[in-house]
Each structure stands twice: as C-alpha cells, then as structure tokens.
Amino acid sequence: MAEFMEGLNLTVLGVTIVFTVLAILAVVLYAVGWAERRLVEKEAKTAPSPASTPAPAPEAKEEKPAIPPRDLAVITAAVLAYTAEKASQLRPLPFKRKISDSWRLYGLQTQMEDVEDFNYEIGKW
Amino acid sequence: MAGLVGSIVTFFQGMGLLNLTWGNVVMILVGLALVYLAIRYEMEPLLLLPIGISAVLVNIPLGHLANWPVAPNLPEHIADNIFSTLSYLNQQYGPPGIFDIIYYTLIRTELVPLLIFFGLGAMTDFGPMIADPKTALMGAAAQIGVFIAMLTALALGFNLDQAASIGIIGGADGPTTIYLTTKLAPEILGATAVAAYSYMSLVPLIQPPIIRAMTSPEERKIRMEQLRPVSKREKIIFPVVAMIVIGLLVPSAAPLVGMLMIGNLFRESGVVERLSKAAQEELMNIVTIFLGLGVGSTMRADSFLTAQTLMILGLGIVAFASATAGGVLFGKLMMKLSGGRINPMIGAAGVSAVPMSARVVQRIASEEDPGNFILMHAMGPNVAGVIGTAVAAGVFLAVLG
Amino acid sequence: MAGLVGSIVTFFQGMGLLNLTWGNVVMILVGLALVYLAIRYEMEPLLLLPIGISAVLVNIPLGHLANWPVAPNLPEHIADNIFSTLSYLNQQYGPPGIFDIIYYTLIRTELVPLLIFFGLGAMTDFGPMIADPKTALMGAAAQIGVFIAMLTALALGFNLDQAASIGIIGGADGPTTIYLTTKLAPEILGATAVAAYSYMSLVPLIQPPIIRAMTSPEERKIRMEQLRPVSKREKIIFPVVAMIVIGLLVPSAAPLVGMLMIGNLFRESGVVERLSKAAQEELMNIVTIFLGLGVGSTMRADSFLTAQTLMILGLGIVAFASATAGGVLFGKLMMKLSGGRINPMIGAAGVSAVPMSARVVQRIASEEDPGNFILMHAMGPNVAGVIGTAVAAGVFLAVLG
Amino acid sequence: MAEFMEGLNLTVLGVTIVFTVLAILAVVLYAVGWAERRLVEKEAKTAPSPASTPAPAPEAKEEKPAIPPRDLAVITAAVLAYTAEKASQLRPLPFKRKISDSWRLYGLQTQMEDVEDFNYEIGKW
Amino acid sequence: MAGLVGSIVTFFQGMGLLNLTWGNVVMILVGLALVYLAIRYEMEPLLLLPIGISAVLVNIPLGHLANWPVAPNLPEHIADNIFSTLSYLNQQYGPPGIFDIIYYTLIRTELVPLLIFFGLGAMTDFGPMIADPKTALMGAAAQIGVFIAMLTALALGFNLDQAASIGIIGGADGPTTIYLTTKLAPEILGATAVAAYSYMSLVPLIQPPIIRAMTSPEERKIRMEQLRPVSKREKIIFPVVAMIVIGLLVPSAAPLVGMLMIGNLFRESGVVERLSKAAQEELMNIVTIFLGLGVGSTMRADSFLTAQTLMILGLGIVAFASATAGGVLFGKLMMKLSGGRINPMIGAAGVSAVPMSARVVQRIASEEDPGNFILMHAMGPNVAGVIGTAVAAGVFLAVLG
Amino acid sequence: MAEFMEGLNLTVLGVTIVFTVLAILAVVLYAVGWAERRLVEKEAKTAPSPASTPAPAPEAKEEKPAIPPRDLAVITAAVLAYTAEKASQLRPLPFKRKISDSWRLYGLQTQMEDVEDFNYEIGKW
C-alpha cells in the first residue's frame, strides 16, 4: 500500500511536470515564432522589391504549345518502342567480365543473379 | 576405444536436444510467433523480427550465444560499475557470447537506445508542433496513460521500478521504454519491449473504438484552419531551445531529449548532410540490428515465462487505451476553450506512435467528412508526445533511478 | 646542450631502422607479397590486401600499432576472462595499439567473425539446396578433407587444437577458419587465415586436375534435369528450420549457423530490407576492414616465421585437394544410386568457396559438352558446404573447446 | 600417438555427425517442400480462376508495330545525337558553387575531381 | 503526504536550473556560438556543429551525459591502463554517460582519430606530390610554424606537453591535433581542437595578407610548367613506400602515417572498392559523429574557461601565420635555386588545410595573372603538409610521450 | 627557462627530422618515377604496335550529321515537352500503397514527405 501511495505521489508530480515542461516549451515556441515574424518584417523593409528579380522564369514554357499533342504521342511512342525493342535484345557478353566484389567476398556471397549471369548460349561467363 | 566412447559421450551430453526444457520449447514458439507476425502482418518488422528470431536462438540449449543472466545478482560494490560487472560475470558464467556482448556493452550502457534517439531526431520534422505550439499540451495529456498504467501495475503487485517501466509502454515509444526498463527493471525488458512494439503496430486497431466512443459525430467533423508555414530559421532554433529548456527543467531527461535534438539539429541545419544521412541510415541500421538482437536475447524461459509477462502484455493495452482517452479528453477541453475551433480527436495522436496515430485520426475524420484534413494538425501532438514521454521517463529516473 | 644531445639520443634509440630484425624484414616482404598477389592477380583482395598491408605495418619496429603478443602466457585465473586479460595485458605490455584493440576486442571475442557470418547469410541464396535437398549430402562429403588434413597435421606433430584449426582450412570458409583458430589455437591464426583465403582464390587451379583425374568423360557429360522453382515461403522457412535443427543437434555450431541464418532470414523475409542491406553492406564493409587489419596484425616474425607456417601452407593444399576428392567420390556414389542421373562433378562444389567451385564444375562440364548446364545443381552442394564446415567446426569445439 | 588416436576418434565422430546433421536437414527440407506443394494445391482450389484477371496486359503492346523500324531508328538517332551534342558543350559555371562536403571534411579530403573543377577558361571556381 | 513532499524535494534538488553556474552559462553560450558559426558561415560544420552542440548539452547541470572528468587525477599504478581507468572512474564518479563512453573508449584510445586518418587516406590523391617530389620539402617547411607556436607557448608559461599540442595546431590537421593532444595534454583538448578547426576554416582570411606581404607581384606571376602524368602503378607504390620509409625513420608517427597510407592503398589499388568506399563514407561518417560529440563533451567550464584557452586561441593564429610564412620563405629559396621556375606562393599551401590553402594560392595567382594556373602545383605541398605534420607529431611523441 | 631550452632543442631536432624525412621520401619518389619510366619504355618495346587495335571506334559517330540540326531541335523539344507534360499530371494513386520503412521504424520517423503523401483529392493514402 505504501508503494501505491508513492505511486500516487509520483503521478501527481509526473503529470504536473510533464504539463509544465511542455507548456513552457509551447510558450518559448510562441516567442520564437513572434521573433521570427518581426525579423521577417524587418528584412522585408531593408530589401523592398525582391519580387522583380525572378521574372525571367516564364519564358521557358512558351515553346510547349507549339507541338500538337498527337505528334507528341507519336514521337514518344516511337522512342519508347525503340527502347523496349532494344532492351529485349540479348545483352552482349562483355569481353573480359570483371568479377564482381560479391563473387569474391569470402568465397560465400552468392547473389544468385551473378551466378545466373552465366551465358547459356555460348556456355561462358 | 575409450577415447572414441569418451568423445561420443562428451558430444551427446552437449547436444541441445537432450537439454531442451519445456520453457525453451515455449519460448522458441513465442519467438516464432513474433517472427510470423512481423513477416505475415508486417507488425513493426524492423524490431519484432530480430527480437523474435534471437529469442528462438538463445533458447536453444548450450548454444553459447548468451551465457550470462539478464538480471544477475551482483555483489553490492560492483552493482553500479559496468566494467567490474563485465569482469565478474565472465568469472562467474564464462566468456560472453555475442548476445551477451551486445546486451551488456551496447544496451545496458544505454548507448544503443540513445543512438536510436539520435537517429530519430534526424528523421523527425517538428514543423507541425512549431507552427501550432499549443498542440504540445496534448502531447502532455496523453502521458496520463503512462501514470494510469503505472498505478494499475502497482495495484497488481509489481514494485515501483517495474510499474514505472510498464507504465511507460503507454508512451508508445519503443526506445524510451527500452531505456527506462534497462535502467530500472532489466528483468522485464523483454516483456516491455515486446509489448511496446506490438501495441505500436496495433494502434490502428486500438485507437478508433476509443476515439469514436468519446466524441460525437459533430466534434469529429470540426475542420481546422491551415497551419502557418514554418521558416528554416525556426526549425534550426527549435532543437537548440528544446534541449536547453527541457535539460534545465528535467536533467534526467537530458540524455534522451538531448540526443533527439542533436539529431534534429543535424537534420535541420542543412550543413552536415553526410552526418545527418549517417544518423538516419548507416548508424541507425547497424544500431537497430543490435537493439533487436540484444533485446530478443533477454527473452529466456526463466525470466519471460511468468504470470508477470502476461500481466505486462495486458497492462500494455491499459496503457495505450488510457493514453488515447487522456489525449481525447484534453482535446475536448481545448475544443471548449477555443470555441470549437480544435478537433478533439487530434489529442489521440498525443500517444506518439509517430505517424500512425496521426493517420488514424485523419482516417476517422475522413470517414465523417471526406473533405476534412486534420492530418498535419494531428502531427503536432504526435511529435510532442515523443518529448512528453521522454520527460515522463525523466521524472521516473529522477525519483527512482 | 645536454638536453639536445639527450633528445637526439632518445630519438635515435627509438628509430625503427636501428631496431629492425631479419624477422621483421622477411615479414614485411611476406606482407608485400600478399599485397602484390591481391592487387596484381585479384587474389581475394578484400581480405588479402588488408592482411598483407597490416602485416607490413606491424613489423615496423616500435610502431606502437600492435604492442601486445598474439598468444600471451596468461595467469590461469584470468586466461578465460577477456576483461581481466585486457587489463593484465595493458599492465604487462603497455597501452594497446589500434591493432591490439581490434584484435582483442573485436576478433578474439568472435564478434567480427560472427558478424561476417551474419552478413554472409544476408548475401546467400539457399534456393538450389532447398530445391534439391539431397545435394546437401555432398556438402557433408567434402568435409572429409577437413579430417584428412587434421590427421596429417597430427602426424606431422601439431597438437590436436592446432590440427583441428588446420584441418578446417579444407572447408574453404575464411570466417569459420578464423573463428575456430581464434578459439583453439590463436598462435597460428595468421597462417591458417592466409592459407584459407589464398587457396580459396586458387580453387580454379587446384580443383580441375583432381576432378578430371577422378571422373570419366562420360560421367562429366551427364546432364541433369532443371531444378524445380522454390517458393518465397520455403525460402523464409528454411533459415528458421535450419537454425533450430542444427542448433539442437550441434549447439557448439549454433553461433556460426545461427548468425548465418538470422542474416538469411533478414534477406528472405522481405520486410526488413534496410537491415538486410545494412548486414550486406555498411556493417559488412566495416567488419571486413577490421577483420583484415586484425588478422594481418597477428603476423609477427616470432609467431609466423616458423617451420609450422610452411607446413600449414602445405597442409592447406592437402585439405583442399582431399575435400575435392571426397566430394567427387561421394558424387560418384550418388550417381550410381540415382541410376546415372547425377553428375558426380557437382560433389566437388561441396568444398564451398561459394560460388567459385560451382563455376569450376560448370566450366569443366562445358568443355566436355557445351550444352550441359549444371551450374545451379552445383550451387546446392556449394552452399551446403558452408553449413557442413560450420558443423565440423562445432564438433571440434564441442570436444576440444 | 595418443593424440593421433584421439584424432581418429574425432574423425569418426565428426564425419558421422556432419553426415547425420545434413541428412536430417535434407529430410526436413523434403518435408517442407512436400508441405508447400500441398498448400499450393489447396490455395489453387480455393481460388479457382485467377487466370482471367491478368488479361488486360497484352493491349499495351499493340501500338508497337504501328511505327516502321526505319522511322524508329531515325527518331532515336536524332534524340541520341541531340543528347551527345548537348553533353559536348561546355558545362556552365554555377553562380555560387556550393562547396562540397568532401572539400570541407577536416580540411583534407582532396578528391582531385573537385580540385579540377576549377574552370580554366574563366579562371575561377 | 510526506512522500509527495519528499518526491518534490528530490525532484527540485535535481533540477538543472537550480544548479546552473556562471561557468555553465558561458560555456553554453560558447557552444551556441560555435553552432552559429558552423551553420551561418559554414565554418567546418562537420566538426564545429557537433562540437558546439555537445558543449551546450554537457554544460546543462546534472544531465548525466558526461559524468567523468576530462583529465582525472589517477592513482599512478592505473594511470597508463585504460581498462583499470574505466573501472576506477566508474567507482569514483558513477556509471559513464554516453559522452564518457565515447570520449574514453573511442577517443582516448586513439581509435577514432586513427580511423579518421584511415578515411582521409582513402580520400586523398597524392598524385601532385608524386609528380613533383621536390614540393614535399615545402610541406616540411610549413611545419616551422608548429615549432614557433610551441616556443611561444612555452614562453607564455605552458608546459612542454601543452606547448607541443598547441604548436601542432599550426599543422592545420584536425585529427593530428586531437591525436597528439589526447596523448600529451588531454586537459586542453577542447581548446586545441576548436582552434585547429576554426582556423582551418579561416585559411582564406589568414593566408592572403601574409602571402602578399612576403612576395612581389613578379614572383606571384611566375608560371609553372604542366605536371607530368602519374601512372596507376606509381600511385599504388607510393603509400607502401611512404609507410615503410616514414615508419622506419619515425616509428612514433607510424600509427598516423600508417593508417593514412593503408587508406590510400585501399583507394589506389582499385581492387577493394567496397572497402575504400566504406572508409570514406559509412565508417568515416560514423566516426566523425563520435569525434565531434566526444571532443565537444570535453568543453566543461572548469577546464575550458581559463586564460589558457584564450591564449591557445591566440597561439593558433601565431601557428597558422608562421606556418604560412615558413612555407612562403622556403618557396622563395626554391625559386632562387630553380632559377625562377617555381612560384614561391605554393609554399604557403604546405600548411595542409587541404585543399583550402591550395585554392587560396590559386586565387591570388589568378588575380595577378588570370592565365596562371598553379593549383595542381600547390596541391603537392598541400598533401605533403599532412605527412609533415604527422612526422612532427611523431617527434613530439618520441621525445615527450 | 629549462623548459624553453628543451623546447629549443626539440625545435632543432624536429625541424631536422621533418626535413630529413620528407627529403628522403622525395628522393625515393624520384627513384620510383625513374623506375616507372624505365618500365614503361620496356613495355613499349615488347608490345610495339598496340595502336592498330582501337581502330573500329570511329564508325559509331558517322550517323550523327545525317539529321539536320533543325529537325533535331524539333524532335528533342517534342520529347522534352511530352516529358514535362507527363510529369505535371497528377501522379496516380498506387493501389495498395506499401508502407515505407521510415513509417514503420520505431513508430517515430516522420519524414514529413511521407505524411504529405496523403492524397487530398480523394481523401486517402
């Protein structure tokens, strides 16, 4: 029972402190936020017209509408088709295949993909 | 051929199968269950998988991966001296296994839990709490669950040190739970760690019924105004200020909060990206591996298979549930005080379990009103809850430690 | 000007050049030779390069990188106590150099070899062995080489502990060799480690003549049917089952096999990718650096430049050759039993040296019949050989350790 | 000689155990494989016609033959040429070059590429 | 309610705010100043940020992050025994905080400074010095600053051990400074480390006026011919040769130079890319975090807030300035001897601070003659300066250590 | 004063040694450089005409001039426009979004980007 009373005391103490600490932290954060706003205002005054600098950006977007969407689609499809075509071809065998680190490490690290790199067509790595 | 016979006898005496106890079998099954939950349901796999599998491994008899007891009886003059303890345990129980080394030199010294807090700091964005500091109070309110669980544990016969460690589960912060339990009651470390991580992953199941029971549909529909943007400067100042304020008020929370805030400063400063990345990735991953394996290795039959463990698992739910309730209640108070501009549900996010509980709150809000977005507002109490739990742990350490 | 003279005298007495012994010179040359082999012929450079260069560095007299002996004479009451040993060595031989710290706290405690096994588990795909479990027996057969080498070493006058450490070289597993030698006979660690890694990289030269001598062209032409696919579920269950089965039967192998299987579970579970990546990369790389430097630093003139070392290098070839022969012989037995459906050459892959020996087998098969692909079948014995060697090491530890 | 006898005993013991352990492991793996096949069969029964779902996949490939290979080659070559052309141009100098971490670290980490980033044309970084 | 009162009293007695001293306040401000400089002006943020923030944290009273003194009075029989020291400090001052562990086990043992040298080696290209070996002498000449600063420190009343540690600041090598100070005068570690890193980042301000004052415009306009290309073979041989030559001549420099050269061999060998990457990244980042936190944690009011610290900061400028002057003077000598084919300014790059001082030299050259490119020539003395400082540290250790 | 004298001695000793060591290192490096040049000369003699091997490289570049620069520009602009167009569209919502590791880790790791992945249009993740 004595322990339970001690636990109650600890609860009162604990809850108080947890709330106090986080309340103080909140107050400090409000103060920091307020200071920040003041600072930003000041900086805005000293550098009055920074809005004029980032103007040149829009011009980059102007050539976009020049190409009709249909052409776009055709061209893109062509490129994608070519890429797919190429990827489907047999990867050529490197002349002197560099043994990967994973092959070498302690003579154990399988990484089966490496093992399967064996070219079954020409019977060599 | 006496030699051969002798060898065979020696070998069979050392065979694990013949030395297996029922306790071992049950613990192996418990470990496998954790592994299953981690893989099948993705329940906090980054910790429950290592914990589970190392629980399996240390319960294979004579495996020599963990030779030392978890909570040894130490002569008084060395009890507080980790270096003499290491030498003494070696004398008494033989050379350390790899899990003994991990547990005693990395976890018992608090190195690993603190480094994880460091990494968490580097991963956490305190923006929502900086934008709306009053939400920090909800992170405090949810800690009520910690104390309710502690009192319940006391009533069930746990001693104060154990009760505090059990209560802190309600904070929903794995590393804080491990930190405090290691200091106060290492004999129940396995149970509290497993409870903390299990329930953290069950937040989407535990919280919704409680939140729904305590709020009316009208309250759940309250929309909150957009959070103000937070400047880089404020984000940089925050960890420094928080570290100093909390450190001066509750020094026993300084290690936890300090490491968290150092990590956060690394993140927000923007000038030490490679260190911030290391804190979040390479160091974090390595430390997480050691934490999981080390904690799992404390799950031995003799200390884990007790009625206490079952009670701890039950108390974990009490802790989570009352923390959620505490948060929501305080949320309702703030709703009243603000004239109905605060949705009380965001108080539930004060239990931490970042960002799960904030997402739970958002999901319930969406169900009532698909156009209601309070996720970011819930993130405030959510990250405040991490600090709140660390402070609560600091209070426990100051009085009991 | 006595001060200046004194300073100069002090300085010159401490000049390495004046304290250089013939032993140092030879050891520096040995180290340089390893560095040369590692760079020029890419012989296991990840270990032979660090080993070689740190052998060079520790043999520069008075360099204070390694101040403590490799196999010190310890008072009996502290011999088994690593913490008292550290304090005692500091008392006797002065503060530790960086290599002493690496060797005594990371390698002697088995931390590093076990973490490497952990990383190897995360890197290894046991699929081929799961698909065709009978190939596991070939991984057992190749261990015969371990015992033949051990018996030869005994006949040459090595004691049992040393003979066992030398025999295990035949397992073609660097970390297992280091693990066992560190426990049983640390005085020959440099020699066995160098032998193990050197011959592992020479597998493509050592194995083919033996395989060809023991098989007929018809046998080498045997084609094997495609392996069945292995499900994700089986791959997840495998490490758990293997850990429990082997742990219960040979607990002394539990640290090695257990860490290997934890790593493999991380890999196959699919839910802890960041930990699996850490095990394979950041942790593995760091640990490999420490292993190489630590092992190389044991190569001191007094313990390395002995007739023993030459014998160990010779015995290493005996071990590899007899392991290969044992594997092939057992392969022929299985060929007979299966009615000619098993190519006996895949037994040679049982020596591990993953995946080199499997590739060697495939190469020889291709030479006889360019359309014969038995690479995947050879991977089964190959990964089984890793487990087999760990079990053999476990038997040695159970009886001698 | 006593040691050699002990070694022989150890050999008998060791070979027996290594074979036993791996044989048991093999048996267990066969059992696991058998259980897996049973499970897969059961799952196949409970979910009888999953084959109809992955049907929509083939449609994605239909536009491929629409573009003749020659056009494909031309377009692709054009894109590649443009990329190559662009890459060969002088990289423009960043206004305020951010000092890389490697420059800063302990005042040592050379990484000569950074040093060589010096723009010899305008004599500045 | 005596219990509650008792708890409250206990808690308030442990409140940091009530135990704050003026020293703590000042040190917290010093720490914050370092953090500010690191973030606002990017002054060596990778070290000054961790140093600053951990200085803040350890000066919060009773925080239990650093419980042990930086330079304790040890009984003579354990003073040289790190393991007994750890146990003794635990006995005297209680369990170690996380910063005590980092400082005593990672920094005092020299593990971290040496691992950083290892990483630096893997990051450094010694090509320019190999291409033009005579520039190595300028790396020697700049070390004159080390000795001038040491003599000035002696004149100001520092003892020899401290004076040597202060002098080495002039070498502009952070890790070497930390290495030497830890060995000779740990009580001033914070001050020398902060001075070294601060001035390293101020090189672009300190050097130009000195260089301009000591050279005429004609001298600054001297163009140098293109460096010859260096083969891969030469780059591989260099670290091996440098390690052996310097190790044999100055063994006390062997740990620093040896680790530097091992790292460089890893880099240049081309066969251990994953280890080289680990040395530069994952290991380096982790070690840098520990170095910064550990060094910062030594900045306690009692040992840092002294007139000595101010003098050390002042002496740091003396050291940098005289090192620059020494380098330029020797550059002028070499210009004379070579018949005007060497630009004397490149001698200033001999202070190391790689590659800052080489860039400073190039900038001044460009101002005089936009077409004059001597950057690569300045890199020779620059990297030689690293070796020169390590040798100077070796001499100090040989005579004083 | 005794300490200062000792410091002077140390200075003489130190400066001498630093210069000696770096001078020896320089001499050794000159020797290594000389040996290297000898070696390269030797190798050049034993392998006299390696210049003929790398000949086939140039042919790859020949198709470049075949496309007029104007066409190139048009095509490239088209591809870039398409890419920009596509990138500006709303990213489709993944069916069952995989919870990222960072979400899971210890229930803390915010990484606000993840939180902001919330799709405000459909009110779901």
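Order of writing sets the chain letters: A, B, C, D, E and F. Residues in each chain are counted from 1.
Assume a contact is a pair of C-beta atoms (placed from the backbone, for glycine too) under 8 Å apart; a residue touches a chain by one contact, two chains touch by 3 or more.
Here the structure is a predicted model, which is why all the values come from computation and not from measurement.
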Quick check on chain B against chain C: do more than half of the interface residue numbers occur in both copies, making it same, or fewer, making it different? different
Compare the contact pairs of A-E with those of each option in C-F, C-D or E-F, and report the one where over half match by residue number. C-F
Could you tell me the distance, in whole angstrom, between the mean C-alpha positions of chain D and chain F? 19
Nearest whole angstrom, what separates the Cα centre of chain B from the Cα centre of chain F? 40
Roughly how many whole angstrom separate the Cα centroids of chain A and chain B? 26
Contacts with two or more other chains, residues of chain D listed in rising order: 6, 8, 10, 13, 17, 75, 79, 101, 105
Using the touch rule from the top of the page, what residues of chain C touch 2 or more other chains? 7, 11, 42, 45-46, 83, 87, 249-250, 274, 282, 288, 395, 399
In the complex with chain F, residue positions of chain E that touch it: 129-130, 133-134, 136-137, 139-141, 143-144, 146-147, 150-151, 154-155, 159-160, 163-164, 231, 233-234, 237-238, 241-242, 245-246, 249-250, 384, 387-388, 391-392, 395-396, 399
Given the complex, residues on chain C that touch chain B span 80-84, 87, 109-111, 114, 236, 240, 243-244, 247-252, 254-255, 258-259, 262, 265-266, 269-272, 274-275, 277-279, 282-283, 395, 398-399
Give every residue of chain A touching chain E within the complex, in rising order. 5-6, 8-10, 12-13, 17, 101
Chain C residues touching chain E in their complex are 7, 10-11, 14-17, 20, 28, 32, 35, 38-39, 42, 45-46, 49-50, 53-54, 56-57, 60-65, 83, 86-87, 90-91, 94-98, 101, 281-282, 285-286, 288-289, 292-293
Touching chain C in the complex, chain D uses residues 3-4, 6-8, 10-11, 13-15, 17-30, 32-33, 36, 39-40
